[in-house]
Each structure stands twice: as C-alpha cells, then as structure tokens.
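The same chain A turns up in both complexes below, where it pairs with chain B and then with chain C.
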Partner chain A sequence: MSAAGFDPGAGVRSPLRPLARILRAREAGENPDLIEAEQRRRRHEATRDKARSRAQFRLMLLAFTFVAGFIAIGGRMAIIAASIAEEPVAEATGNPIINQRADITDRNGRILATNFDTHALYAQPRQMVNPERAATELARIFPELDQGRLLRDFTGGRTFLWIRRQISPEQMQAVHDIGDPGLLFGPREMRLYPNGPVAAHILGGYGYGREGVNSAEVIGTAGVERFFDTRLRDPAEGGEPLALSIDLTVQATMEEVLDGGMVVMNARGAAGILMDVQTGEIVAMASLPDFDPNNRPAPLTTGDAADSPLFNRAMQGVYELGSVFKIFAAAQALDLGLVNPETMIETRGPLTWGRFRITDSHAMPNQMTVADVIAESSNVGAARIAQMIGPVRQRAFLTALGLTEAVPLQMVEAPTGAPIVQSNWSDLTTLTVGFGHGISVSPLHLAAAYASLVNGGTRVVPTLLRQDRPLAGERVVSAETSAQVRMMLRRVVTDGTASFANIGAYAIGGKTGTAEKPGRGGYQANRNLATFASVFPAEAPRYVLIVTLDEPVETSGPQPRRTAGWTAVPVATEVIRRVAPLLGLRPTGTD
Partner chain B sequence: MTEMVYGSVPAQAADPILPRWWRTIDRWTMACILILFAVGLLLGLAASPPLAARNGLPPFYYVERQAIFGGLALIAMLAFSMMSPQTVRRLGVLGFVAAFGALLALPFLGTDFGKGAVRWFSLGFASFQPSEFLKPGFIVITAWLMAAAQDFDGPPGRLWSFGLMGLVVALLVMQPDFGQAALILFAWGVLYFVAGAPMTLLVVIAGLVAFGGSLAYQSSEHFARRIDGFLAADVDPRTQIGYATNAIQEGGFFGVGVGEGEVKWSLPDAHTDFIIAVAAEEYGLVLVLVILALFAVIVVRSLVRLVRERDPFTRLAGTGLACTFAVQAMVNMGVAVRLLPAKGMTLPFVSYGGSSIIAAGIAVGMLLALTRTRPQGEIGDILLRGRRG
Partner chain C sequence: MRGLAYLLAGASFLGLGFWAYQENYATQASLRELRDLNRQIGAAHARINMLEAEWAYLNRPDRLRDLVNLNYQRLMLVPLMPESFAAMDAIPDRPEDYVPLLDATQVSSDMAPRDAEDPL
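Showing the complex of A and B:
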C-alpha cells in the first residue's frame, strides 16, 4: 500500500515533474531534479499534514477514552469501598450462620436453657511466631491437649485449625498472654443450662453445627433441644422462648426427693413422672442417675445403654411393671359391665394354664371382691378378671390407653421407648398381662394410662409443651367407671398395699407394683422393680405421679424388704407431700 | 589571532545534553513515573512479606529485589529518554529482533515455573520474560512500518506490520499467554487507528476479535474458566476476586492502616495482579485514586504532547507506548473491581515484577524520549526559540 493509495487528492495534484518548469530550468542551465525534489517535498508535507490533523482527533479520542476508563474504575472502587465489608467465611457457603437460638423456659418463664457469649480458640499456624512455645503453653493451659500433636499441627503446613470449641475468660486471658499472633479467638455463643442437672434428660444437649470464625451454629443434639431444633433456630420466631410444661421448682423438688429415696432404699436408679391428668402436661420428669447437660457425657459405646446416666428411665426404660397393671383389667371389666366393685372373684391359687402356675405372694382368701383384688393385689384374681375380658378386647383396651406404642412425646428419644408386646396375644398372655407381666412399658406410658382412667375417662397424651386448655381426648372408659377406679385406688391406700401413702394432709390413691426383673434363667426374686402409680387428690385427681425404683432394698427391719409398699410408696408419698403445696393444692388435714 | 581566542566565549556546536534534556523532557510524566515507582516499593513492603514467608526468605527479600531492579529500570528509563527518536527507532528494532529470537527459543530453553505456561527463561538470580521486552520493540517497529507507509512511495508497512503482529500473537497464544497477546493486538490496533484506519475496517476487526474470543473460550479451558467466573452473578468469596472485593470494602476510604491488611495472606497474587487490593485495604480509596490519577496524568499528558507531534513515527510509537502502558494499568485495576474478567496483568511499576520492571523502564524511557519538546514547524517554535530546545 503506497502513500498515494490512500490520498484521494492524488489525481488532481500537480505532477512531480511539470514539463514547462523542467524545460525552463534546462534552458537556464539548472538541475531539473531539484524541481522534482521540491515537488516531492511539498507533496510529502501535504500528506503529513493531512495524517496529522486526522491523528490529532483520534489521539484526543484515545485520551478521552482512557480518562473515562480510569474514572469508571475509580468510581467503582469508591462504590465498593463505601459498601459494608463482609468477612469471607470459608465454612459458610450458602446462607449465613444464624446465631440466635431461642431460650427454653419452664411453664412459668424461668430459664431452663439460654445462650452465653464465649470464644473459640483457633490457630493460623502460618502466622505463628514460635510454634514450639505456643504448643507448650497451650498444653499447660489445657491439660487435655497433647503438646506433640499440637506442634505437629502447627508446623505441618496446615493453614487453619480449631483448638478448642469454647474457652473460659480465664483461659482466654492465659492464651492472650502467650502472645502468639497465630492464636486467634472466634466469638460465638454457647448454650447454658443454668440449673445444671435439673431436667437434664428433658433438655438434652447441644453441639456446634457449621462453624465460622465469627460465629457458630448451636444445634441441639438430644432431648427437646434436638426435637425443637428447627423451631428454636427459626428466625421467624424472633427468639420467642420455648415454654415447656415443666415446673422448675417441682422438677427440682422431685429430683431431690428421688435422690434421697434412692439412697435410703439402696436403689440402682429411680424415675419419676408428675403429669397433669387433664392436659397431659408433664410437670416434672426425672431419671436418676442424671448428668449435667452443660457437660454432657459421651454415650456408652459398649455394654447396656441403660447403665449410662444419659438413659432416661422414665421414658426409655420399658419394664414389666407388674401389679400396677391390675387396675386396667379391673377398669375394663367394670366398663364392660362384667363386674362391679363388689363382685366376688375366685382367687384360690394356684391358677394353672398349661405348664404355667399363677400364684399370689401371700395367702389370700378363696374369694375376694374386685376392689379387694386391687387393694390386696391378687395375681390370681387379676388373671381371672382378665380371663373374663379375653385377649381381643384386652388388647384393644390397652391400645386405646396408648400402652402398645411409643408415646409421641416431644423428645427425639421418644421412639426408643416403644413398648414390648407379645406378637401372639394368646389366652396365657391375657392372664399375665392382667397382673402386668408379658408386656413391657415405660413409666411414662403408665402415667398416661392412669391419667386417662382417673380424669373422667378420656384419653390423655403426654406433652412437654405448656397447654392452655385440657385435651379433648377420646373416651376410654365411662365417667362412672372412672369414679369407681378412683375409689378402688383410694382403697389401696386406705386398706391395701400402699398404706404408707395414707397421710392426713392429702388424699392419695394409687396402685403398687413389685415386678421381678427378668434375668438369666427366669425372674429373679431379689432383683425387683418397685413402682407406685399414684393419683392425688384421690376424689378429684389433678395429678398422676409415677415413682419407680430400680432394685430397691429397705433394710430397717430384720428381713430386707423389696416390695413397692415398703420402697416406692414412701418415696412417692414424700414427693407428694413436698410438691402438692407447690402445685397449689391445699392440705385437707394435718399429717 | 590571539584576540579571537582570548576573552571570547567558546562557541558551542549544540546545547549541552543534560540541560537540553531537562528543558525538553516531559517533567510531569517523569515525576508521575517516579512517584508510581515509590508507591510500588511502599506497597511491596506490605504485599510481599507473605510471599517471602511462603518461600522461606527474609521478609523484605522481594522489596530489596524490587528496589534493585527498579533502580536498573530507572537508569534504563533515563538512558532511553535522552535518545533521539531515531536512536530509539534503531534500538527498538534491534531489541525487537532479539526478543523475537528469545521468544522462538522459549519452547526449547524456557521454563514454566510450575504455572502451566512456558513464558520465562530462568537465569538463576532472576527470570526473564521475553514477551515483556518484545512489547516496546514491537510498538517501535510497527510505528516505523506504518509511518513509512505514509511516506510518498513508501513500503506497504501496514500489511507488513499486520503480518508481524499475527506472527507474534500466534507465538504468544501458543505459550499460552493470552494477556500479552491481547496487549500486542491492542497496541497494533491503536497504532493502526491513529495512523488512519478506515472506520469500516475497524468495525470488521472488532467483529474478528469477538469471534477469536469466543473461539478461545471454546478451545481453552484456562480461558473459559476465567470468563465463566466473571459472568457468574455472585462473587464467590473464596475466589481471588472475592478476596479483593472484600479487601477494598475493608479498606474503605482511608484504609485499615499500614501493615494491618489481611488480604495479602489469602491472595497468592497479592504482590502482582492484585496489588491494588492491598493498596485499597491498607491505605484506602485515597491511595487508589492517587494511583489512578498518576496513570491518567501520564497517558493524557503524553497523548496531548503527541497531538502536536509532526513526525509520524514519533507520534505513532509514542501513542503505542503510552496506550499500552495505560491499558495494562486499566485492565489490572478493572479486574480488581470486577469491571473486567479475571486476567492476570501486572500494574506497571507498582506490581512486583523482577526483570519485567526493566522492560517497563525501557518502554517509559522511549515514551519520554518521544514526547520531548521538539520544533514542530509552527510559528511558536520560531518566536519562542530562545525558550525551547
């Protein structure tokens, strides 16, 4: 491409060697090439000026573009600089960590679980000045940390590691004093259970979910913390506390009395449930031994889970509870019109059924009224009543009382408390279930079933949430039957096996049960489960209280006594004596 | 004879070199470049200790190296700025030939430093990236060819320079080094634009660039990933851009304070491609705006001075050098604020660059030489002869 090629004016320019001037120059003896050179120079200048003027505009355009570009970058930079910084948290990819777990309160708004600001300790080994010293000092502050392992972590090329999930202010100061810039603190919240082990099994425990250096997700790991985890963490709830049906004072009192009773009765464990018979609200539920949810122990990996303090005997422990079941047979027979409380029942033992012989623990008359069968706790009598009912109706009745499936309580462990029921409900099963063997339920089941029988006859489903009105449960027995049941339960206390509960201050009704625990080679006479299922006040019950002692032995007499009447009944009575005033019940007389 | 010598002022053939240089040089641009270099050292103090720590070197190892190479670069800049445009042209062409040879030898003698692209020669004490030295040479030779093409009966310089550009870009893409290839393409485009490209052709070229870009997107995963990252609606906080954005936010208007920045620990390229993020975090928007202003002053002053330039070669070469310098800065900072897709490009004179800062010094030295005040055949040149060179 030549210069002339893009010069539109090339055609009309004067020629490089204008003939007239060349000839004139030749005649004058001058060099005609000079003329050509001059012409060339002129034309060259012309193209240059043209290119220059065009370039001038384009250069200004370029300069303008660059200035605009720099201004755009500066403006954008200013917009970003003016916006709020957000720490890039590698752990939190999607939605941010929401760090407002709602409190849990008892029925009166007293705190059962709340949050507390703390710090996590983490390390960025790359920023460490002296990893050896840091590891040594940390191992001194936190004896459970291994110095060698810390040093390996600090020098092994890791960029980040958690050292402790939460530390106390004193520990934080001690770590500050190490003065290593690679040791850092991440603020976060921890769950605090200010009452320590009170209601530990109900509350459960917590752990950390997603963790960032600026916050960490507190998540429930057991109990209601886990069951209501979504509700407690839901921002839409606005941190509204979760009100349980538990009464903190009653709960603490019951735990105290049970603990004392466990010691006096030399029991391995104890469980107690106090429930409102109208609403199904669990006012107190305890299982001993217990634990501190602030420092929840690790679950057992070997052996029997029931040996762990984490095991909730009141809800998870399913046992053959024995004689406390007799009232179900009696109630159903009354409700079906098969008997009335004064109907005489054949109680001469032993009752044989195939290979099995059913006997009573002590001598009984040959015939007893239904009320006396309950009061004196005759196995043979209860079996005979159950025989009248038959397997199909018995099973339907126990199912209606909720005794054949797990209680739908608002705890994540609730399904593990499912009853053990014979798959083949034979005639023999009917007899044994009549006096509480051949079926394993938890004390919680028992509480619900007793409540359903004595509250006028409508089904009660236990709940841990505070209720505003009574449940309108389906009818289980008639109101008349319910009244007769209450009367019979009262007679157990006044004339029967639970005489220790016959105190003046409160009218208690109830039924004892002493079940031999199954072991290797059959039932063991010396290993009992003593239960007292009580209702109070007896005429118009408002609460049902179940107290179960595991392998109690009362040793004040010449012979060790293991029956519920001597073990569970006094403990339950003491519980009632202590909690009834707290529940607003007026004593009816003096003790 | 005696009186002719005695007492007379010795006649000078020409002005002394240094005073004339001082009188004719664009002192504003030079001052801006010196300030930029100082800012670079300042930021190097902040940004490079993490790198030194990672490589097990003394904390200010890279600052010292930057100071040494920067000193060499400033010497090169001063030396080149004293040359005449003719000398610049000659050296530029020779330099281009040498750098081109080195570029050809890269596949056999070069190293990739484990970064996936063979771009460097390792010299032991320093590495050497031929494409950095190729750029000023390429601009000079292209300007020469295009200026010659404007001459009456000149060679077809545009066609030749186009072929040369294609060759160089092809070599760079093979490395692959799309950044440098794009810069070469841009430099040629600017020269062609200022040399008088027909508007229709410009439109066609723009179309071709778009086509080439989409081709590269489909054929190179390396390239595609960066574009995808840019087009994604949300900034992933774990990417370099995410950290850079956060650093700018943290810095705010006045910065978090000297040495208080955190981003340099998380960004592997904090001392090179994302040096502006370090600047924004530690010194705030204020320093960023100062840096932007410095680049803007350099490019605008150079272009405005070139507007008056009569010699086509000087004008073209100066324009090419100034625009390449500016566009490199613009891409670097545009990436950090996410106006442009992530493309590794250093901030001239500010980023840590080892030997490449010498190449930048040479380029700026050439620019200063080409923007020196010269008589432009204007009436002012004659009237104000006493004041100008």
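Showing the complex of A and C:
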C-alpha cells in the first residue's frame, strides 16, 4: 500500500478537497481539480485494498473449513478401517442360550428327546509331545480303538484327526490325565432319548451334520426327528418343545404288553396302534422288535428290510390284513341302503368266480344276517356284500377312508407305507377286497379307517402332534351307519370270533383278521398275520386299538392255534385292560 | 441481555454434554450387567436342561418298572387295572374310634398297639 503521507486507516476521512492544499495549489497556479482527482483515486484504492483483504480472508476460511472437513472424514475412515467391525449393542437380546435343537415331549410334557452337553475328542499330532504314550493310553481308555492305527495316525503327516465323537466326563478326565497337549476337546451337543427304546420308531434317530471343532450340527436322521428337523432347529421357535400326541405311559405300557404277548404267542413281531377316534391323535404306536434310538443300528444292507428292528410294522408294514376289511363292505352296503344289519345274505360256499374259489374256514349256515357275517367272519358273505356294491363304488369308498394312499403322518418314513392295490380293480378284486385280500395296507391305515367308521362317520387323518380340538373331517358314512357299525363290532365280541375280548370292565367292539402270508407258491397256512382291530368303549368309542401279531402260534391246546381270535384278541384285550385306566376311562363293570 | 443468552446457551451445552457422558457410561454399565446376567441365565438354562434330562432318565418307564418289581415286597405296587376303580359307596364309613389328626407329625398308627406289624 503506497499511502505516502496519507493514512486511510487513521480513522479520519480526509476530505476530497483539503482546503490547505487547494489554497496552496491556487497560489501556485495549479488546477485544484487535480487534487480532488488524486484524492478520489486514493480513496478508491483504499476501498479496493480493503475488499481484497476481506476476500482473501474469506477464501482462507473456506479452504480451512474444507481441509478440516476432509481431515475429519478421512480420519474417521481410517479409524473405521483399522478397527474391528462390531455392531453397536444397544438392546437386550432374548433368551441367550437356547438349545441348538428343541426338545420333543409327549402330550403331557414328559421328555422324549432332549440335548446333552458332551465333548468330542480330537488330536493335533503336530503338537504332540509323546505320540507313543498318547496312543497307548488312548487305547487303554477306549478299548475299541486300535493302538497301532492311532500311532500311525499320530506319527504320519496328518495335522488333525477326530478320535471320538462323544466321550463321557470320566473318559474326558482320563484323557486329561494323559496330559498331552495334542489331545483336544471340542464341545458337542448330543441328543438323548431318556426313555430308551420307548417310542423308538416314532422318534427315529439323530446324527451329526456339518462338524467343526467348536460345534456340530445335530440333525434328525429318521422319524419325527427328520420330519420336523427344520422346525426343531428353527431359532424363531425359541426352543419351544415339540409336543407329540404320544402318551409316554400308555406307549410304554403297550410296548410292555405287546412284548409279553409276542413271547406268549411265539410271534416274530408285533405292532400296536392306539388312536383317538375324534382327533386322529396317535396316543401310542409300537412295533416290535424295536431298538434304542440312542444307539440306532445301521439299516440292513442285505435281506428283507422288514427283518430289521428299524422296520416300523405299524406304519411301514403293508399286509393283506384279511377279515378286518369285512366291516368296510358291510358299512358301505349299509350306508348305500343296500342292506340293513338283519338282511339275510347267501353264505353257501364255495363261491366260484372263474377259476377262483372263495370258501370259509369253518362250516357256515347257508344264509346269515349281515351282522352274523361280520360276527362269524364269513368270506363268502363278505364277498357277496362286496358284489352288491361293485368295483367303482367300493374303490371310491376305500379311497374316502384313506386306504388307497400313504397316510400323511408326520414321519419321514410315512410315504414308504403306501398301500398296494390292484391296478385293475376287477369284479374278482371287488370280491377278494370284500374280505381283505388283494389289497395291502398298514395297521395305521386300518386304525384311521376304523376311527372314521365308528366316530360318527367323519374322516380321521392320523396325526402325531397334540391336537386341541377334534378334526372336522369330511363325512364318510352317515351317523346311523356309524352306530350300526359299532353295534356289529360289538356283536363280534359278544357272539363272534373275538370272544376273548368280552371282559366285564370295558365294552370292547372289534373285528378279527387272520391273513395267510404270501410266500413262494401261494399263501402259507402256517404263517399268519393275526390282527384285531378294536374300538372301546363300544357304544361311544373314544379310542381305536389295532394289534397285529406276525406269525403267532398259541400252543396251550392240543392243536397249535393261529387265528386272531386266539392270539391277537387276548393280547389286545390285555392292552385295553392296562391302558384304558391310564387314559382315564372308568370301567363299566367288573371282570 | 445478549451476554446472558450466550451464558445460558453455553451452560446448557455443558450440562447436556455432561448428561450425555453420564448416560453413555450408564448404558455401558447396563450392557455389561446384561451380558453378565445373560451368561448366568445361560448357565442356569444349561443346568436346568441337564437336570431335566437326568430327571427324565431316572423316570424312564423301564427303570420305574424294574424298581417296582425289586421293591414289590415293601411297596406292593401293581399296574393300574380296571379292578383298581371303585364306586363311591364302596368307601367304608368313618370308624367309631376315629381319632382326628391334630398334629402334623401324628400318624394314624400312633394309637395302634405296639405289636402290630411294622409297615416299614
């Protein structure tokens, strides 16, 4: 700033025409306007300089702000990039430790399957101090391990190997005592079935999925464990137990009685199903021989799968169940109005159809009422009733009862229990199906169909989950037909083939069925499948019980007896005597 | 007047800053406590789960059945059968020599003659 002799910042505004200088200029004969012009120029320059310095200051301020902003953002970025990512924890999480897999309980909340914390043992041979000693000691703790093989694994090039999937606390302590840093433990959850083989077929089994050092997935491998695998592992369920329709006490009792009955009747196997006729809840379902789901055996690789204890006879075993089917023909004929329970049916045998002869096991009168055909179990009579119905209607009726397709039960094996029906449902098929041949269904199908017939006539779909209210199934037969069916089933017990079930305590109704098992070269008279399909209490049924014995022989008499009336009926009756009090059914009389 | 406004604003700024600071630390403390409680709850859950599993295992039907059979001499327990039910009128009337139990530690056999067979 070249303000010689003039200070614009002095605060005193110098006038445009300073009188002293004007006077002096006038005296010197100069133009005073020049002075004014100079003064104007100076003033102007001063203003310009001020504006420039202000602009400079503003620019500096702006630059500083930007630099500061960039430094702030850049610094924050650097901090974020250099620190460990962590979600801000600002709220409480819910239940902190939910089991990896939900429990399974029975209908009363008793535990059928739960989890148990245990440890897996693994080795990192690189970190081992003394592989020889570790191998020797491990082989001593776990006798099933091979010392030589362990040593090879430990001294070879392996860096990691699993030794045992699960070890007990005592074994863990023993391994700790070896003191080798190369032997390590990983936490594991294992599935525990505290009741052992009770309800084994229903529960199925478990295995490990993806496996890591710190945890392993527990996955279901069979039964409801597999069917509900996603539900049991879903964190959104919050570990809520899965309540089945099974009653543990009833299930255990039924298995006990069936086991005893199997021994007494020299049977190869036994199956039992107890089902609520209104809701379709399966209260108990047993198949013997059974297994321990804690230690599920490997499936058979050769031979008949039905010989394996894993085979669920109650659901997977499809058999020609024989005479228990006669009630379906009778019920349909009643419902269609073709007959009433007192209608006389021609029962003179044999009934020939082409080269096929239908006969009865023992002599029957030439004519019997429909109720007597059921009570005495006449093949010829049942075939004649089926003949009246005809193939189309018969097939439609059995389909309505659910007997022609697999039961949609909540078990992964359910589709394997699909019935076997004739592809060509001929007139002859109609006759044989009338008395339970030419169609193979499982005892579970039978339970559902009987429940549908006796509960007032509405379709029942079996379920393994606890239900709160009865199912509103579609109508299969009328309520009157249902009442007549109940009456006829009761007649079988009071006057017919199931006389062993005629106990005073409970009014049982039911139908026997003795089917010869097919083998090489036709049916085998000495290898039977004895079934008793029963309902109780007979007048207003609440439960249906199916008991099936595989190849039973009752040897107390001079002749071996193989019919259901001598084998399955006494066993089923004992099941009812034991189970009905547990279900809270009051006896109607005394024995 | 203006100075007072500045003073108030500055004071409230300081006050709020102090409050936020306190809240921040209170939150951190709560979260720490929550984590601790969650850990305790988790441990309790694991323990309950273990006990429930053990209870179920000890009450498994096979074991109870074996225990009943082993102790039949003393307990005489039999399965619940239809015969176990009785009608109301089958219950006997109150005996004449009925002694009301006044003391909780009293048992009905206290008054019985000593030579009666010891039920235990």
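What we mean here is this: the second predicted complex is superposed on the first by the 492 of 591 C-alpha atoms of A that agree within 3 Å, B and C clash if a C-alpha of one lies under 4 Å from a C-alpha of the other, contacts with A are read in each partner's own complex, and residues count from 1 in each chain.
The rule is short, and it goes like this: a residue touches a chain if its C-beta (ideal position, glycine included) is under 8 Å from a C-beta of that chain, and two chains touch if they have at least 3 such contacts.
The structure displayed is predicted, hence computed values, not measured ones.
Peer 1: Give one of first, second, both or neither to describe whether A:Ile111 is in contact with chain B, with chain C, with both, or with none.
Peer 2: second
Peer 1: Taking the superposition as given, does A:Phe356 touch the first partner, chain B, the second, chain C, both, or neither?
Peer 2: So A:Phe356 meets neither chain B nor chain C here.
Peer 1: Figure out whether A:Tyr523 sits in contact with chain B (first) or chain C (second), or with both, or with neither.
Peer 2: Touch partners of A:Tyr523: none, neither chain B nor chain C.
Peer 1: Is A:Phe160 contacted by the first partner chain B, the second partner chain C, both or neither?
Peer 2: neither
Peer 1: Should A:Leu62 be classified as contacting the first partner (chain B), the second (chain C), both, or neither?
Peer 2: Only chain B is touched by A:Leu62; chain C is not.
Peer 1: Who does A:Pro581 touch here: chain B (first), chain C (second), both, or neither?
Peer 2: second
Peer 1: Both chain B and chain C touch chain A; at which residues?
Peer 2: In chain A, positions 89-90 sit in both the chain B and chain C interfaces.
Peer 1: Please give the residue numbers of chain B that touch chain A in the complex, ascending.
Peer 2: For this pair, the touching residues of chain B are 53, 149-154, 156-159, 190, 193-196, 237-238, 242-243, 245-246, 248-253, 265, 280, 284-285, 288-289, 292-293, 295-296, 299-300, 303-304, 306-307, 309-310, 312, 315, 319, 323, 326-327, 330, 333-334, 337-339.
Peer 1: Where on chain C does chain A make contact in their complex?
Peer 2: My answer: residues 27, 31, 34, 38-39, 41-43, 45-46, 49-50, 52-53, 56-57, 59-62, 65, 79-85.
Peer 1: In their complex, what parts of chain A are in touch with chain C?
Peer 2: My answer: residues 89-90, 92-93, 95-99, 110-111, 114-117, 192, 194-196, 198, 248-249, 252-253, 256, 503, 505-506, 577-578, 580-582, 586-587, 590-591.
Peer 1: Quick one: in the complex, what on chain A touches chain B?
Peer 2: Contacts found on chain A: 1-4, 6, 40, 43-44, 47-48, 51-52, 54-56, 58-60, 62-63, 66-67, 69-70, 72-74, 76-78, 80-90, 126-127.
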